[in-house]
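What follows is a group of structures, each given as structure tokens.
Here subunit A shows up in two complexes: once beside subunit B, once beside subunit C.
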Partner chain A sequence: MIQLIGLLLLPAIGILALILRAATNARISEEKIVASVAIATAFLFFFGVIIGFNGISFPIIPSINFSFTLGLTGISIPFLLLAVIMPALGLWSAYKEINKNKTLFYILYMFSYLSMIAVFISTNLILFFIFWETILISFFFIIMFWGEKEIRRKASMKFLIFTQFGSLTLLGAFILLFVYTGSFNINVIATSIQTIPSYVAYVIFFFVLITAFIKMPIFPFHSWLPDAHVGAPTAGSVLLAGVLLKLGGYALLLFGIMLFPTIAGSLQIPLIAIAVFTAIYSTLAASAQKDFKRLVAYSSIFYMSLAFLVIMSLNYIGQNGAIVLIVSHGFIVGMLFVLAGLLKEKTGTRDLDKLGGLMLKMPLYAFFVIFGVLATLGVPGLSNFPGELLVFIGAYAAYPLALLSLFAVLIATNYYLSAVKRILFVSVPKRLAKIKDISPWDAMQLAMFSIFIVIIGILPSVIVNSFNFVV
Partner chain B sequence: MLASLVIIPLIGERVIKSYLIAIAATIISLVTSIIFSVAYFGTSIVESFPWIGSAFSLSLIGSNLTLTSAVLVSFVSLMVLLFSVFYMKKEPQERYYTEMSLFIASMLGLVLSGSLLLFYIFWELVGVSSYLLIGFWYKKERAVAAGKKALVMTRIGDVAFLAALAVIFINLNTFSISTILQSLTNLSQPLLLLISSLIIIAALSKSAQFPFYTWLPDAMEGPTPVSALLHSATMVAAGAYLLILLSPLITAAGLDIIITIVGLLTAFLAALLALNNTHFKRILAYSTIESLAFMFMAIGTVNTAGAMFYLITHALFKSLLFFVSGVLAVTLGIQDIYALRSKRLLSSWLSIPAAIGFASLAGLPPFMSFFAHASLTIGFNLYESILFVIIAFLTALFSFRAFFLIFNKRSNQKIEMRFSAAIPIYILASLSAAGGAIVIVFNRVLLNFAYSIDIFTLATIMSTIIGIVIAYELFYLNRIDKLYSIRHITDKLISRISYDSLITDVGNLVVHMGNVVAKFDALMSRFYEGSAYTALFMSSKSRKLENGDTHSYIIAILIGAIAILAVATVFI
Partner chain C sequence: MINAEYVLFAGVLGLIAIDLLRRRLSVSKDIIHWITLSILIAAFASEILFGNLNVNFFASIQYTQFINGFILFLSLIIYGFLFADSKEFDTLIDALFIFAVLGATLVVLASNFISLIISIEMISIASYGLVFFQKSNSRMEGAMKYVVVSFLSVIIMIFGVSLIFGGAGTLSFSSISNVNYLPFISGLALVIVGLAFKSTIVPFHMWAPDVYEASNSTITAFLSSVSKAAGLVAMMRVFFFALPVSSQFIEVIFVILAVATIFFASFLATVQDRIKRLLAYSSIAQAGFAFIGIALLNYIAVSAAVFYIFTFAVADALVFLAYKIFEDNKIIYKNDATRMFSTSKIATAGLFLGILSLAGVPPTIGFFGKLAIFVSLLSKGYIYLVLALFVIILFSTFYYLGLLREMEFSSKKVATKRNFKLKIKEALIIILIITLFTGAAFAVF
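Our next item is the complex of A and B:
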């Protein structure tokens, strides 16, 4: 058995090493420290998945039931996969992009790495909330200091205010849970959930719902996301889309659906309607985007709205689909953000109107763009397909009209193919005549994403078997 | 074992002479599928693989129908790959043969699928390979646009198919085609209607039937071997194949008549459009749409064996015609039939195979296609038969218009005969010509297959011959100019029925809506920012209230006290 705390100790050692490096002027580079930590953590994680994890618990403030308790919830593993792998994959982009205040950046990066892992294995709600907040704060600084010059200030403030509001409602939910059950431990709360009066339960569910609306995000609380993505550096975008958005889904599943299935059931149809609306709204908005990164950001809202839709379907197939889709989307959208970053790096622009014909100049890059887009569109053999399949089956089982969201799939096909056409095909603008293809090093990063996308696509049972979800 | 059929074409491509690998793999597939179809004749074998749990299992099935189709697919693929050696000589080999192999593997998988889920998986994959292959010449704007249009239009069907899968799975808890067909009685009538309509939409969009047919002529921007294999012989026939597999479902829902009507309408429109077009490949595209419509008509009259036989026949003679157009495009660089007229090609080696191809298209005896037509029409009622006679006339007219214009008069114009082009053309020509023998074999393979030669068959032949004679008079003897005024009218009529602009309008509408939504979204975003600034502004003002200045506090208290007193006196 692997101790869960090991997954936290490794990044913590990394942070210490970074600080020591800065203090002693050691000659090892920051990236090497982070990379070795990431590799070690990933190995530990995969090893743990095979032989099993062991929790840990020791009290900190017993009077308010604040203890350092680590353990797996039923749905931790798939989310942990994202939390462990994504920062490692984002490192490639950080290595190229970040060239000032590197130590500070990597310390923040490690802090968010540690907290992202910790959130998914904390079973004490105070601990959960501390790590949840640490992620937001580190991200605020990452966007603020290393983001794109023109909009990083606006983007980071918007990100902080929106997500802090979501945190507040979550905190409210936690406090109410504590007041009525006398515990901050998820497992204890789950067993004594009957003691909560129904009107309080509604309030708690409502709070969690707002958190999920903001974090996933769902209309009308999504407007921080496109800005945050465009403002963030590529590595930040990868984590933002790959892990942060998933926090909303995780919180909704854990504190909304698992604790209050009957309330979720009573609100099912209006919530599904909102999700369907968000799906069509976001795909329409994406159709009009000229900036490739912003387009990917909007389509990210679309896939999260599908996940939300099917979480609300409240049936077994649907919940499986939601988690497969969430994991798959993490890898695919991460890959697309890396591709958008490379586009900016190589051509100096992400404006679709100023691009074209890159397939001739950058065949390797073109291959990965086509791969990534086909993966998002749910081509069989790639990871979104099993997700979408289960999602639509689950959605139909819950509420047949939810299949209206299939129109959004059509719109998504249209704008993604347009984007591919405008980036890769037809003629190369004169300005880009001397452009070079991506390096094998970049290709390796994209290939890493692709490997996960193909594995999940062909063997979705890898993900499905890694969790057990009980409604 | 069946899986090997699917996997073999996928084996690595990264060697210099990649066409050799692709061809070798396809030959292996062909030989294996022939062996299987002989070895398992009359029986059916199923191979199942669990995917997401046992309910979502993927299964392949080897029965007479599927194995015959596998033989057909691998045979036509082999012919097309041979032809590609000639046609694609100067193009990037690796990408072309990789994408072709992906397609062939998916198509073999599709015909062998025993579960609807696996069928859908391959259905999507053939769609994607079609997108990639149409846009093979990615520098040509039209080719890229055509690829995109093809994928978006067929995605409409894919989405309908996906919805149908959801409905089927929730109600029957299985994807196995045979189980679905056995448990039709468990479904209520509205559900049957829903599932069948979704499946029919899927089939119509894949097979480019009305109202989806506009993507197929555009798809002709791709390389000719691609058009021959994907957009005529195999992929577009997948829609008809789906309906053949699920025909009991459609019958149970009572939607057969819809399929027949759509088929008749499409055949009629396609024949008119083919008559109006002058681009050789586009004419072939419209004739493909028409032939697919014939299959749909047969399926609508619950004559699946006839439809299947016509599918096979069509695959043979239509690839032949595409190859002829490919040879002309490569050697002369001309696709327009009026431009080809001046080349006077009648004495070239192509004219006999082309004659066989066009005669097959028109359904003349004694070619294989004649028997296919005879078996196709077996279940038609009076009105359908009469309409079919009219369509046969139009078909003869447009196909021999093309023939007489292209192969017009003898001359010394030579077309170089390349081994890799001539072999597939002659093989296909002899197969299309040697109809009778195959009919007998087919009769044993599909036991319920039948054909009849009745009064309507004779009427069809008569109208076909009239069509050919008119075509000869008008186009071979060049009396077209007298008909100018009539052409003018048909042009106008046809611009009405080809509603390409409507589809562009729908596309524009989506973009327009997208712009509106994006503007609204930006506005909303600004509203949030605005409220943040308002809060900031308010706080900067209200800060003055707590500035520690005693004087202002005293004044504030005084004003407050006076206000309270004033309010109190008014109310008391």
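Our next item is the complex of A and C:
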């Protein structure tokens, strides 16, 4: 058995090493420390998945039931996969992009790495909230200090204001759970959920719902996401889309659906309607974007709205589909953001109007663009296909009209293919006559994403078997 | 029993005596400063060892050792900072400082309206001197404002106390039981006003930003942490331990006052240009949060308030002390925050973490304090109020992090001369930072 605390100790050692490095001016570079920590953590994680994890618990402040309790919830493993892998995959982008204040950046990066892992394995709600909040604050500073010059101030503030409100409502839900069940431990709460009066249960569900709406994000709280993505550096975007958005889904599943299935059932139809509307709205908005990164950001709203839709379908197939979709979307959208970052790095712009003909100039890059777009459109054999299939089966079973969201898939196909056309085909602008293809290392990074996409596409059971969801 | 209060009292008398004979005995100022420091250390130690005094007009209750402990701890840190900052200050400051600390510890213990007023006046009178004798540009204005407002508040309070005596026939907290309601309640309202002046509750907060800005930042740290904590604790004693009636009506009025305090202070803080004024308004908002705990008037809420007072006192002391280092290097406006990191790394970290704690970001104690307040609010069923507070906290996050984002963390050469003085000050800031993370162990509710 692997101790879960090992997954936290390794990044903590990394942070210490980074601080020591800065203090002693050691020769080793920051990236090497982060990379070795990330690889070690990933190995430990895979090892643990095979031979099993062991929780830990010791009290910190007994009077408020705050204890350091680590343990797996039923749905931890697939999310943990994203949290462990994503920062490692985004590291190469960070290496190329971050030039100033490297030490501070990597310390924040490691802090968010640590907290992302910790959020998915902490079963004490205070502990959960501490790590949840640490992620937000680290991301605020990552966007603020290393983001894109023009919009980083606005983007970081918008990010903070929206998501901070989301975490405050989550805190409100936690406190209400504590007040009525007397415990911050998720397992204790789950057993004594009947003691909560029904109107309080509605309030808690409503609070969690607001959090999920903001974090996933769902209309009308989505407007921070495109700005935050465009403002963030590429490595930040990868984590933002790959892990942060998933936190909303995780919280909704854990504290909304699993604790209060009946309330979710009574609000099912309006919530499905909102999800369908968000799907169509976000794809229409994506169609109008000229900036490739912003387009990907809007399309990630679309996929998260599909996940929300099917979480709300409240049936077994749908819940499986939601988690498969969430995990596969993490890898795909991470890949697309890396591609957008490479576009900016090689051509100097992400504006689709100023691009064209890269198929001839950058064949390797073109291969990965087409691969990523096909994956995101749900081509069989790649990871989004099983997810989307289960999503639509589950949605149909719950409420047939939810299939209206298929129109959104249609629109998504349209804008992605037209983006591919405008980037890779048409004629080459004069400005881009001399550009070179991506380096082998870039290709390696993209290939790593592709491997996960293919594995999940061919063997979705890897994900489906890793969790156990009880409605 | 050698209680901390005896140590402080003996210390004040001894300091005045030595000061009178200073020329004749040719004792240098330094020695008096060292004596002051050792008095504070001795007081802190005896507080931990022996607890509080328990005599006629002063009684210790459940929380008083904790409160007096952190008051003495913070006073020690602040005096250490003052000492490290410059050894040139007048010896009068030493006696005044000890006198103010003595007042603050006695406020916590007061079990009678007369002793309460006398202790509060001890803080006030010493504080006029502290504000005035420290060198700053507009100290005269600040000190005058402070004097006028304090006199006004104490006059109101004395009038209130006389009405209370008329209504209850006694001034001892423990023996108020059968009261004649009209004079009692109106007297109590006047006492609220008087104490609200001290602890900067809206609408009696106007003096605070001006006075805080006019005085030396080290003294501001004292005023906004120790002195304000004492005022809030006095309120807690009066309303939780002395009030024979706890009605829904009083609770609602108090909650409205508290929320108004948080709202106005947060709103005004967003439009401030100068860092110190922003911190001053934020410290008013913090008092509002603590006042919520007092307003709810039940056991959980009062424990939450005690803990919250501790958290914001530590964080306020930290930010103002850290700001003192920047103020000396002419960092006054928000835009100047870019120079902070090159002035002092540790002070920047102190300001940064202190502000995060004031904003309530985990895992600092500020988060646990807010958690305690929210638990007490929700267990009384104030769900809408909590939602409104969320919005205000967002507001405050906006200006707190708006200040933090101006900082620039580049590894440029440190511009200031690093000397022993600065190192001592940074060491004191590090102690407060450690408290900021370990203080959660004192959370009791």
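By definition in this document, the second predicted complex is superposed on the first by the 471 of 471 C-alpha atoms of A that agree within 3 Å, B and C clash if a C-alpha of one lies under 4 Å from a C-alpha of the other, contacts with A are read in each partner's own complex, and residues count from 1 in each chain.
The criterion applied here is as follows: a residue touches a chain if its C-beta (ideal position, glycine included) is under 8 Å from a C-beta of that chain, and two chains touch if they have at least 3 such contacts.
Owing to the predicted nature of the structure, the values given are computational and were not obtained by experimental measurement.
Asks: Which partner, subunit B or subunit C, is in contact with more residues of subunit A?
Replies: Partner with more touched residues of subunit A: B.
Asks: Under the stated touch criterion, which partner chain does A:161 make contact with: subunit B (first), subunit C (second), both, or neither?
Replies: A:161: touches subunit B and subunit C.
Asks: Where does A:133 make contact in the superposed view: on subunit B (first), on subunit C (second), on both, or on neither?
Replies: A:133 sits against subunit C, while subunit B stays out of touch.
Asks: Which of the two partners, first being subunit B and second being subunit C, lies in contact with A:153: first, second, both, or neither?
Replies: A:153 sits against subunit C, while subunit B stays out of touch.
Asks: Once chain A of both complexes is superposed, is A:75 in touch with subunit B (first), subunit C (second), both, or neither?
Replies: In the superposed model, A:75 contacts neither subunit B nor subunit C.
Asks: So in the superposed three-chain picture, is A:117 touching just subunit B, just subunit C, both, or none of them (first/second/both/neither)?
Replies: The answer is neither, since A:117 touches no partner chain.
Asks: For A:100, is the partner it touches subunit B (first), subunit C (second), both, or none of the two (neither)?
Replies: Once the two structures are laid over each other on A, A:100 reaches subunit C alone.
Asks: Now for A:432: first (subunit B), second (subunit C), both, or neither, which partner does it touch?
Replies: neither
Asks: Tell me the contact category for A:288 with respect to subunit B and subunit C: first, second, both or neither.
Replies: First partner only.
Asks: Does any part of subunit A touch subunit B in one structure and subunit C in the other, and if so which residues?
Replies: Touching subunit B in the first complex and subunit C in the second, residues 157, 161 of subunit A appear in both lists.
Asks: Under the touch definition given earlier, write down the residues of subunit A that touch subunit C in their complex.
Replies: 60-61, 63-64, 66, 100-101, 103-104, 126, 129-130, 133-134, 137, 140-141, 144-145, 153, 156-157, 160-161, 164-165, 168-169, 171-172, 175-176, 178-179, 203
Asks: Sort out for me which residues of subunit C touch subunit A in the complex.
Replies: 356, 361-363, 367-368, 371-372, 374-375, 378-379, 383, 386-387, 390-391, 393-394, 397-398, 401-402, 405, 409-411, 440-441, 443-445
Asks: Which of the residues in subunit B come into contact with subunit A in the complex?
Replies: Residue list for subunit B touching subunit A: 50-53, 117, 120-122, 124-125, 128, 131-132, 135, 138-141, 144-145, 148, 151-152, 155-156, 159, 162-163, 165-167, 169-170, 507, 510-511, 513-519, 521, 524-525, 528-529, 532.
Asks: Give the list of subunit A residues in touch with subunit B in this complex.
Replies: Residues 154, 157-158, 161-162, 220, 223-224, 226-227, 281, 284-289, 320, 357, 359-360, 370, 374, 378-381, 385-386, 388-390, 392-393, 395-397, 400, 403, 406-407, 409-411, 413-415, 417-418, 421, 424-427, 460-461, 464 of subunit A touch subunit B in their complex.
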